[in-house]
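There are two complexes below, and they share chain A, which is joined by chain B in the first and by chain C in the second.
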Partner chain A sequence: MYTAGIDIGSITTKAALFKYGKLAATKLIFTGYNSEAAGKKIFTEILQEAGLKESEHIKVVSTGYGRGSVSFADKAITEITCHAAGARYLNNTIRFIIDIGGQDSKAILLDENGKVKNFVMNDKCAAGTGRFLEVMARALEIDLDKFGALSLKSQKPAPISSLCTVFAESEVISLISKGVAREDIAAGIHESIATRVSALAARAGLTVPVMITGGVAKNIGAVKALEKALNINTIISEHAQLTGAIGAAVLAQNLK
Partner chain B sequence: MAEEKDPEKEKRKIKSVKKMKDIMTTYYIEAKMAEQTGKKVAWITSGGPVEPLIAMDVIPVYPENHGAMIGASKMGIDLCQKAEAMNYSSDLCSYARSDISCATVNGGPIGGLPKPDMLICCNNICGTVLKWYEVQARYFNVPLFILDTPFCHTQFTDEARKYVRKQIEEYILFLEDVCAKKMDHDRMKEVGKISVEGQRLWQAVLDTAQNKPAPLSAFDAFFHLALIVTLRGTKLAVDYYKELLAEMKQRIADGIGAVANEKYRLLWDNLPIWYRTKWLSEKFAAADACLVADTYTSAWCGALKYIDENNFLESMAEGYSRIYLNIGIDEMAREVIKMVDKYDVDGLVMHSNRSCKPYSFGQLDIQRIVRKERGLPSLMIEADMVDERFFSESQIATRIDAFMELVRERKGA
Partner chain C sequence: MESLEILTAAVADPFTYARKLKKDGGKKVVGYMCTYAPEEIIFAAGAHPLRLFGSNKNIILADGHLQAYCCSLVRGVLEDALSGDLNFLDGMIFPHTCDTVQRLSDIWRLNVPAGFHLDVVLPVKLNTASAREYLIDVLNLFRSNLEKALKVKITGDDLRKSIALYNEIRNSLKRVYELKSKNPQIIKGKDIYTLLRGAMIMERSSYLKLLQSAIKELEKSAIKTTNTKKKRLVLSGGLCSHPDIYSVIEDAGGDVVADDLCTGSRYFAGLIKTDGDPITAIAERYLQRVICSAKHKDNKSRAENLIQTAQENGADGVIFMLLKFCDPHAFDYPYLKEALDKAVIPSLLLEVEDQPQAQGQLQTRIEAFLETL
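And then the complex of A and B:
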């Protein structure tokens, strides 16, 4: 018995395939401009890898911003509910999730049974999201992969005060022109996102243990800054970026 | 081929809508013809004391109601941008922006409001109206009366009562001066009684939503509200709400709900998102949710407890001061909790309205208090009542979907 979860985000599309309730395969591609095509492509690819045919009956749950564009999905469920299910599958003690994705960040409080109790999302702007980090890494001409590690070298983070991504970018450019060290600017940027996201976490009712999910969980600088801002340790799964897709595949098991 | 009507949808339509549209059309035509008919026109804020105007036979016109019409007609962006080109900040209230620019171009859905003979501004709803009305008083070169209602943090003091009462006397003198005639106090008493009757009927209409399923939703209330705002104190409003109430009672008897399959009942906070009421109402209805009540439309009957219909002028000082937007956060939260209980709701939907600072400020506290006292889930939608540039559909859709998953889970469906 197979189920699949497809998470179409603003930047990447993720898929998870479950066999008899266990994670069997995962896949990640760029979404590009056509989310419907991305959904079809990733589904075909993950099935191929698992040696399955599309004709086989597989329950599919779609999630993420493109959840409505997956025509072959049996159900669309929001990423809030899917991240909750995914996080609990990865670690069944989790009570709180901080998900920093491409175009939004969310703080999700779970009850003792792993059900969503409360959630808060960022206001509709790029500050405090993965996109913010992308823009800043580009301004500093650093690979996104190395951005977080670089920030950890800083002894003196340069404060970034603008809340707006566009203004923050010009602030960064003026810091560059003043000759401020790259790692200090990078650290300031990560502190800025951490401050923003920790306010969301406080509003949602921060409770330990906390898991960080979404693409930004791969960024060690953001994780460390967030742990410092929240004054807690966090749990990060190797499947952080796939949590939504995994949760969708978990929830697909409940479909009749 | 004639368009086939869905009988299910037809059944759910509120019949009084047509009459309301006719009344509002006639009202605006009469207001626009005031110059020919020799009547005076006063522009007044939505929370302002309209009854003395009715008693003096002055036609009240509401820039805020006009703003709602501009928003609902999706003409907000254009007019807001015009105001920004006139050097008004995009942070300024979108009602104020669209009204200020509309006056200069006679734009909007009805070709602009009739020129005012006077302006009546009451700051019980916000502070923006003070500057907004000063701008318009200069533009039209007409007298402006400001009624200053002190903010009621925890109570309405005797000093405040005297202070507002004194201003009401000045208000009447102002009207007598502009209209060049004396106030007929018997008529004023009569108008006061009719106003209270209208407000009671409006409350009774809203109360019918206690029924399961609710015969009307907040989206319906947003529409039917127009008369209690604009024509409060007239027989017309009383007669209309009697009919509407009868229709609601009939719907209850016939088991007709505003939403086809009402499973979840929600409470709305803040002004409507005028250009998206249809989208929102369909979005919630698709999730079997009905917004059964709201803090906004009930603001036009919420101060009834302070008003003595037999002593209207005396008591209206308190009634107009203690409206929902002019009280402290703790009291607002208590009001919300009362509504949560009264309408038996499963969740709270809050519109954080970029335009309306006094309404939106404190929402996080109210949310927290309601969660603590009643354990209800709540949703925050960030948008604006008129300026569509502040509405992001896919992000709001995700929040609503996630919120409904939470509400459904909690109700154990």
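And then the complex of A and C:
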């Protein structure tokens, strides 16, 4: 018995395939312009990888901002509920999730049974999101993969006061022209995102244990800055970026 | 529903409607900002009270007068005024409520040439004996100022007739809400929105007729239908200028069965006594009605009213819909949320603006909230 979860995010599309209630395969591609095509493509690819035919009966739950464009899904469920299910599958003690994705960040409080009790999302701007980090890494000409590690070398993080991505970028550019070290600017950027996201976490009612999910969980600089700002340790799964898709596949098991 | 079609047209373009009313019926049109403007007195003076909402156009001129922390309602109304779209107004009424509306009054006085300009300087506290006395004085002063501005005499009889009409409108709107709560599927949320908004835009006597015919039709369909299994929600906040939000909620598997909005139940809550001095009776309604966040009564009545509304309507949850930068409502939110938490009523906070929304995010929040209920 197979189920699949497809999470169409603003930047990447993720898929998870479950066999008899266990994670069997995962996949990640860029979403691009056409989210419907991305959903179809990733589903075909993950089935191929598992050696399955599309004709085989597989329950599918779609999630993410593009959840409505997956025509073959049996159900669309929001990423809030899917992240809760995914985080609890990865670690069943989790009470709080901080999800930092490409275009939004969320803080989700769970009850003892893993049910969503409260959640807070960022506003419509890019402050405190993966996109913010992308823009800043580009301004500093650093690979996104190395951005977090570089920031950890800083002894004296440069303060970034603007929350707005566009204004923060011009702030970064003036820091560059002043000759401030790259790692200090990078550290300042990660502190800025941590401040923004901790405010969300406080509003949602921060409770430990906390799991960080979403693409930004892969950035060690952001994770460390966040742990420092919240004054706690966090749990990060190797599948952090796939949490939503995993949760969707978990929830697909309940479909009749 | 034919009555609804007529209402929808007027609500979609209130300025054209008001201009026509002025041209064809010779009515003077008096704009006003919120439910603390004593419409009954304006109507008694033979003028047409038109509530202004701002027409969602891009803000260009208003930003020359307003800072970034002013709400989109005030921004939108000022833009309409400065762009000349409100030149047909014979006058404008500003009730003393939030800071931003008071400052809009000042900006208007200095920059908008159309018509007369009246402030109604209401008391802030509504629960003291002196506030009551003062409020009655303020409304009497408003009556005589309006008489001078419109060059008419407002008699006691004029006021009593107006009060009777307003009582009938408010009773009918209450009936609409009762029908919706009992049978949410007989009318869409966006149509309830239109029915309510019509009351603030259309000529009141003809509006009442349309409303009554709509009620007759609703009562007919209410007999045939059964209850849905959708989640029942209460909307709380200042004003709603987003009929779309009702559709988003309905598509996500919910129904708005009651509200605590200035453009909703606060508009029709409470009737005016028909015996005794009419001005005193109008003041009494303001003193007793559930308050707006910009007013003070005590530390619990708003929360109690919200909880009662939720419980009486069998609500599964409350959605706070706050206009961004509306500080009175934002200051009230933490205490209202705490009271709901204590009463174990789940709630969701949405911040909205009059200008178009990021629909995807709004949808995700509402759907996720409904998934938790």
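The rule is short, and it goes like this: the second predicted complex is superposed on the first by the 256 of 256 C-alpha atoms of A that agree within 3 Å, B and C clash if a C-alpha of one lies under 4 Å from a C-alpha of the other, contacts with A are read in each partner's own complex, and residues count from 1 in each chain.
Here is the rule we use: a residue touches a chain if its C-beta (ideal position, glycine included) is under 8 Å from a C-beta of that chain, and two chains touch if they have at least 3 such contacts.
All figures in this text were calculated on a predicted structure; none of them were measured in a lab.
Annotation for the three-chain superposition on chain A: chain B and chain C clash. In the superposed model, A:Val116 makes contact with both chain B and chain C.
After overlaying the two complexes on the shared chain, residue contacts for A:Thr81 are found with chain B and with chain C alike.
Ranking chain B and chain C by residues of chain A touched puts B first. Applying the stated contact rule after C-alpha superposition, one finds that A:Tyr65 touches each of chain B and chain C.
Of the two partner chains, neither chain B nor chain C is touched by A:Phe43. Contact with both chain B and chain C is seen for A:Asp104 once the two complexes are overlaid on the shared chain. 65, 77-81, 104, 115-117, 119, 121, 123-124 are the residues of chain A that lie in the contact sets of both chain B and chain C, per the superposition on chain A.
Considering their complex, residues 65, 76-81, 103-104, 115-121, 123-124, 203 of chain A touch chain B.
Of all residues in chain C, only 351, 357-358, 360-361, 364-365, 367-368, 371-372 touch chain A in the complex they form. Here chain B touches chain A in the complex through residues 364, 371, 377, 380, 382, 392, 394-396, 398-399, 401-402, 405-406, 409, going by the rule given at the top.
Residue ranges of chain A in contact with chain C, taken from their complex: 65, 77-81, 104, 115-117, 119, 121, 123-124.
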